[in-house]
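Have a look at this one.
Labels for the chains are A, B, C and D, by order of writing; each one numbers its residues from 1.
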Amino acid sequence: MYWKGWQAFLPDSAILLIDCPDRPGLVAGISEFLYRHGANILHADQHQDNELGLFFMRVEWSLDGFDLDRDAFLLHFASLASQFGMRWRLEYSNDRPAVAVFVSRYLHCLVDLLHRHQIGELSCRIALIVSNHPDAERHAAFHGIPFSLQTVRADNKADAERRQMELLDAQGIELIVLARYMQVLSPGFVGRFRSRIINVHHSFLPAFSGAKPYHAAFERGVKLIGATSHYVTEVLDEGPIIEQDVDRVSHRDQVGDLIQKGRDLERVVLSRAVRWHLQHRILSYANKTVIFD
Amino acid sequence: MYWKGWQAFLPDSAILLIDCPDRPGLVAGISEFLYRHGANILHADQHQDNELGLFFMRVEWSLDGFDLDRDAFLLHFASLASQFGMRWRLEYSNDRPAVAVFVSRYLHCLVDLLHRHQIGELSCRIALIVSNHPDAERHAAFHGIPFSLQTVRADNKADAERRQMELLDAQGIELIVLARYMQVLSPGFVGRFRSRIINVHHSFLPAFSGAKPYHAAFERGVKLIGATSHYVTEVLDEGPIIEQDVDRVSHRDQVGDLIQKGRDLERVVLSRAVRWHLQHRILSYANKTVIFD
Amino acid sequence: MYWKGWQAFLPDSAILLIDCPDRPGLVAGISEFLYRHGANILHADQHQDNELGLFFMRVEWSLDGFDLDRDAFLLHFASLASQFGMRWRLEYSNDRPAVAVFVSRYLHCLVDLLHRHQIGELSCRIALIVSNHPDAERHAAFHGIPFSLQTVRADNKADAERRQMELLDAQGIELIVLARYMQVLSPGFVGRFRSRIINVHHSFLPAFSGAKPYHAAFERGVKLIGATSHYVTEVLDEGPIIEQDVDRVSHRDQVGDLIQKGRDLERVVLSRAVRWHLQHRILSYANKTVIFD
Amino acid sequence: MYWKGWQAFLPDSAILLIDCPDRPGLVAGISEFLYRHGANILHADQHQDNELGLFFMRVEWSLDGFDLDRDAFLLHFASLASQFGMRWRLEYSNDRPAVAVFVSRYLHCLVDLLHRHQIGELSCRIALIVSNHPDAERHAAFHGIPFSLQTVRADNKADAERRQMELLDAQGIELIVLARYMQVLSPGFVGRFRSRIINVHHSFLPAFSGAKPYHAAFERGVKLIGATSHYVTEVLDEGPIIEQDVDRVSHRDQVGDLIQKGRDLERVVLSRAVRWHLQHRILSYANKTVIFD
């Protein structure tokens, strides 16, 4: 019923993500390899960091006529990859990775993600909703998604995280979305899901990091407020930024108005980050992100 | 739980909306009247169209200490209103007018409005959901809102509108929101709800009025797409514009991408229009709107 | 030749700016006073900070038919002002205050302000251009504006500021615009021109305050860059914000691209701030600004 | 003094622009060719229109170590180009094509372009300013650019265009920028400079095409105004759109305010279009543009 973006109208495709030192012959080598194996390229985008001498590429091709399956690809691509010192991954557009959404009491991001998923905007299965409050359970039930209430207190945090990890493992979760989840994850937890936890922070980072950013923005008298989606690292609010957006405010806006306007920003920047991650369009390096078009 | 904008923290208030020829002494007269009756003014905003010689005002005051109820206000304000030739209305912030949402197959605006209502962004009761498709029924049920399936065809349109009006009358509906409702309302229907039907059009009006605006925008190769909320008049897509917003697109975006990006715009411009209408912040004249701050 | 905004087509007008504790009867008192003296109000805007209990107002009226000149206004308005504890000022739209622009080596903001002035966007006389570099002199000469080269070094800063103040006094300067001026002004200098020095900072404050904000933004990997215009206070980059704007950047943008995009933002936010200041549309309190519409 | 974007810090480079039917082996062929001749690729971007089956590419490489000069490139690239049916051009980053700016009485876009050129934002020589009014002459003289006053009336238009073409030929003009030039060019003139005339239209096309767009926008009561830069074709205001931007307006903005806000939009969208054209980043097809990153 809904248009689902261009992917819906394309045959099944493979996506190759590459990250390596920039050297002459790279693109020639990769494109010759793909051509030789019958790849009909649908999209290709590359980025060069000329200062650091790094090369990044995302190439997507139709599987129709391509003569390598995953195992054969690994076998045949290995020598080229090794010659150029590539870090690389191969993804398939028809995979539907399992995603867990963590949420606290503010449900607008969760509700938004669930509806986007329902109408086909997000190429994944939402396999689990975890919350430290019961309010999200009705929404989980409406969408038929398992819900786990995990009360987190100072004195049971390690236990709670252990239980959460068991749940995540049981469901084979590949991406965790913190949809206004108000608990700070431990370094151990974060380390297990490096570049696979996306958070939304309700300010235009690096301004107003930490708690109560809308209150801080109100105090400072800014004329624009923002929201930021980013990968979670061990350092709070300092991970690689994926997307940011802003809205105009005036002296008439009180803290409550900032919070209300901010909800629209949070929804948008978080959902874009999740969609791009699931489309394998993000590479991160040097605490930044490359977002392939 | 949620902040609900500044209104949530204020005492019950009254809102006076005025529209009249601009004449000296107007503000003095109105403010003296309110002061004399104990009004503690919370917000006031006015607009003058110096070219047309028109005056518009919205003033909101706390009912705490105000010595006139609605009937007494009518009685006492009448002579001032008549002296200046005012068109005016008095509204109360704690009223919750009944709203009907009309929807077809695209449910993103409906889902968005329902969640905004649930968290307190919209000062109303959503009393009825009308659709020419069954898909919205589950969402209506989830929120406990009456749902009416009204199949509309060329040969039963008059009948369908008659049934719809009966439903609207039965529920005392004061505002109709067309949340991507794909049927054109008859002039008779529109005339009965003048300035009380809000539609969202999925283009930056007046560009791409009519059907399939995203396809038309794609054909023309624009670099920004937009959405527009407006009051419905007898002339399709030509009513007073309430709000517009845009997002950037590039040559990489296909029609499906425009539709996806557009959904976010539609949600935002429609919900702002509905919220402002319910806050009695909109006056329309000369086929335009004044949006009071 | 050029349209100069609505002010150009209106008769000479007076502008009253008021700042006081919020008390019942304020608007009634002010509007009755203006009405009694024949003021034909052209624009009025007010703001109430309900949390702090403060009231702010800007009202503009035609002098045609108004029966008080400046001296008489002072005399007659005094008792009302004193009754409500008002801080207030009276301005006239046809005044052309003297403005000094301070600039260093980046001239884009200066060139922009000079052209805006030439086509009537800024209601002022640009009476002086001060620079610690000779590059701006040609532009000053082209526009027939006095230019003063003031080399500032660590060991002559106090002297330089003393000479600058003499120049400013000699020209009767009422507003100083720091158009990418790279020297920090001393507290003594700032104190003499409180709320009358406007600076542009090339970041979205409070993010990236201090030196080299584009380099810092690049390092952090933000997806939007910004610029901020603000009144200068004794604390660097912490004065009341007047205007901010942002532009989108991507991983493809290097520091040089950020600088280039930023120039457009700097021009826009600085010129808006200057225009609004000259239209007497800004009040500052609690280290924030009220921008009257 | 000024940063000039990344190009300033790179060695001289060549840019190859390709436009052809999409066929397997294209990228492999091109990149192998470049690699074989010692090209160190600095940037590459490609676009595929999967619906129309078209392929577009821009690739830029350092000339340092590249073993083909222009003549040799033509010779050696010919067979590859012919094999894939390419339309292609080769450009060099250190070329400075001659540009003519046409202007009428509104000079803000001209002044903006001249300053951007002066600080290194535009990789060209501004070789000629043509106007049907004398006002621009002072600015031309300030920048040392030849100025030609060409009065155009209904009865001498053909003559005027003939004289203009002689001037353009004499200066070897490769790009014409219509910087708010108020005369419509004849089809013959446009045909001689296909895809080499850039115009700025002061509305968000296709809305408000034709004359007096700000007045039309005011009449319609839109909440955003826009500006559009585009290549000029024989059909007025219908050429391929290069860039668009918008700004928010409210009921308070009169026509004069729209015009003032619009000037900032016009400057930005026109200068971006000119810069991208000069960086050989634009390909047009199907009356649209591809803007390479």
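In this section, contacts are C-beta pairs under 8 Å (C-beta built on N, C-alpha and C of every residue); 3 or more make two chains touch, one makes a residue touch a chain.
Computed from a prediction, not measured in an experiment: that's the story for all the values here.
Contact tally for A-B versus B-D: the pair with more C-beta pairs in contact is B-D. In this assembly, A is the chain whose CA centroid lies farthest from the centroid of subunit C. Computed centre separation for the pair subunit A/subunit B is 35 angstrom, with centres defined by C-alpha atoms. Distance from the subunit B centre to the subunit D centre is 42 Å, each centre being the mean of its Cα atoms. Multi-chain contact residues of subunit A, defined as those touching 2 or more other chains: 6, 250, 252, 254, 293. Residues 6, 10, 24-25, 27-28, 31-32, 34-35, 38-46, 48, 50, 248, 293 of subunit C are the ones that touch subunit B when the two sit in their complex.
Of all residues in subunit B, those touching subunit A in their complex are 1-6, 8-9, 105-108, 111-112, 115, 119, 121, 138, 142, 250, 252, 254-257, 259-260, 264, 268, 293.
Those residues of subunit C that touch subunit A in the shared complex are 47, 51, 204-208, 220-224, 226, 240-246, 250-252, 254, 286-291.
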